[in-house]
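A, B, C, D, E, F and G are the chain letters, set down in written order, and residue numbers restart from 1 in every chain.
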Amino acid sequence: MTEKRPFDVLNNALNKNVLVKLKGDVEIRGLLASFDVHMNLVIEEGEELKAGELKRKLGTVLLRGDTVVFVSPAE
Amino acid sequence: MTEKRPFDVLNNALNKNVLVKLKGDVEIRGLLASFDVHMNLVIEEGEELKAGELKRKLGTVLLRGDTVVFVSPAE
Amino acid sequence: MTEKRPFDVLNNALNKNVLVKLKGDVEIRGLLASFDVHMNLVIEEGEELKAGELKRKLGTVLLRGDTVVFVSPAE
Amino acid sequence: MTEKRPFDVLNNALNKNVLVKLKGDVEIRGLLASFDVHMNLVIEEGEELKAGELKRKLGTVLLRGDTVVFVSPAE
Amino acid sequence: MTEKRPFDVLNNALNKNVLVKLKGDVEIRGLLASFDVHMNLVIEEGEELKAGELKRKLGTVLLRGDTVVFVSPAE
Amino acid sequence: MTEKRPFDVLNNALNKNVLVKLKGDVEIRGLLASFDVHMNLVIEEGEELKAGELKRKLGTVLLRGDTVVFVSPAE
Amino acid sequence: MTEKRPFDVLNNALNKNVLVKLKGDVEIRGLLASFDVHMNLVIEEGEELKAGELKRKLGTVLLRGDTVVFVSPAE
């Protein structure tokens, strides 16, 4: 088994589409532009989703790490 | 790929309009005047929004970092 | 751009009226008498508001920093 | 302006009546007997209030600091 | 004024009956058998209460400190 | 009084049946197989309970310490 | 008794199916690909469940450790 680390997922997802679920039932979809060790994330061309529907376009958005539930790169 | 960091978004947004989503379904819109490493933010000409509607004008407002969900600069 | 820091807002608001929003939909209005680095605040002539209405007069009140959502000086 | 610190409020309130609001809509009223830097508080002759009404008499009660919303000395 | 500290309440309550309120509206009543600096508590002959009514007998129970709201020794 | 510490309860409960209450009204029942200083717990032959009823059998389950409300060994 | 540690469960579950319960009633099922000391987890072929039903397929997903309630390897 090769050594893998959770943050590799973020590294590999840079400049690609991700879905981010935040606490409080908010989801953001867009391009992962940067992240840090606290899992603060910058999403570009970000869209806010509510119950799976587009709520509004946010453009660039900085997500605070401690509100992140999960990050899933688009396949 | 150039090295980018999440807080660059805040640096670039200084003196510009931002939308800040806080925990508990509160949103603040206004000019980003300052921030620190805890993501404490000062917004000037701040307006509090509830469900997307203007609830009241706050003027200057200090937002505590650990209540921030996301910060999105106006495009 | 001059160097500004979030806590300057508190410094400038000493002995002036502020509105403090706390987690759990409580708001306190009164004179900011002191604060520390944890954003613990002392408000004098404090009034507790619920849904924008005066709930009761508290006089002096110590607010624990980690329950603060925002602090907004009266204009 | 004299140098004041938030915990001075607790110091000055020792052996006096205080109202303590806790997270989750619980309030305790009684004599402040001791406190520490975590804002753990001991209240004597404590009464638990719910919606402003006496729920029960507790006598001595140790309140955990991180559940404190505010402490207000009786005037 | 003698020097008193909040944890003295726990020390004095060892082997005596206490009422412990936990976050999420759970209460435990029983004999305080031990505690540590995190306010982790061991209660013996513990009973879980819901809305003031006995929900079930637990016997020995270890309560995690960060869920504690208050501890009140029986008078 | 002999020196007792809260974690002794976990030590004494190894390989015995315990009931674990987690935040958010989830309970797990099963054999305590291991624990660490964060109160992370491994339960074997674990069953998830909801409102006192068996919801599903989980077998081995690692419980994250900071979601633990209490741990009670079966008598 | 052999020395066992909670994270051994994660180690033994690598590349196997796990069920992860997150705060806020979300569950993720899939292959555990990696983890770190914060219990950040990477799940591959991940599926999001709501009330036990498949809500959507996520593929690779990074779960933030502090939202984890429990991890249970499939038997």
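What to note about this one:
The rule we apply is simple: contacts are C-beta pairs under 8 Å (C-beta built on N, C-alpha and C of every residue); 3 or more make two chains touch, one makes a residue touch a chain.
What you see is a predicted model, and the numbers here were worked out from it, not measured in a lab.
Seen as a C-alpha superposition, chain A sits on chain D after a turn of 155°, to the nearest 5.
Centroid to centroid, with C-alpha atoms defining each point, chain A and chain G lie 18 Å apart. Chain D and chain F have CA centres that are 33 Å apart. Annotation: 41 Å between the Cα-based centres of chain A and chain E.
For chain C, residues that reach two or more other chains under the stated contact definition are 23, 66. Read around the assembly ring beginning with chain B and moving next to chain C, the chains appear as B, C, D, E, F, G, A.
Of all residues in chain G, those touching chain A in their complex are 14-15, 22-24, 26, 28, 33-36, 40-42, 46, 58-64, 66-67. Looking at the complex, you find that chain B touches chain A at residues 1, 4-10, 19, 21, 23, 25, 39, 65-66, 68-73, 75.
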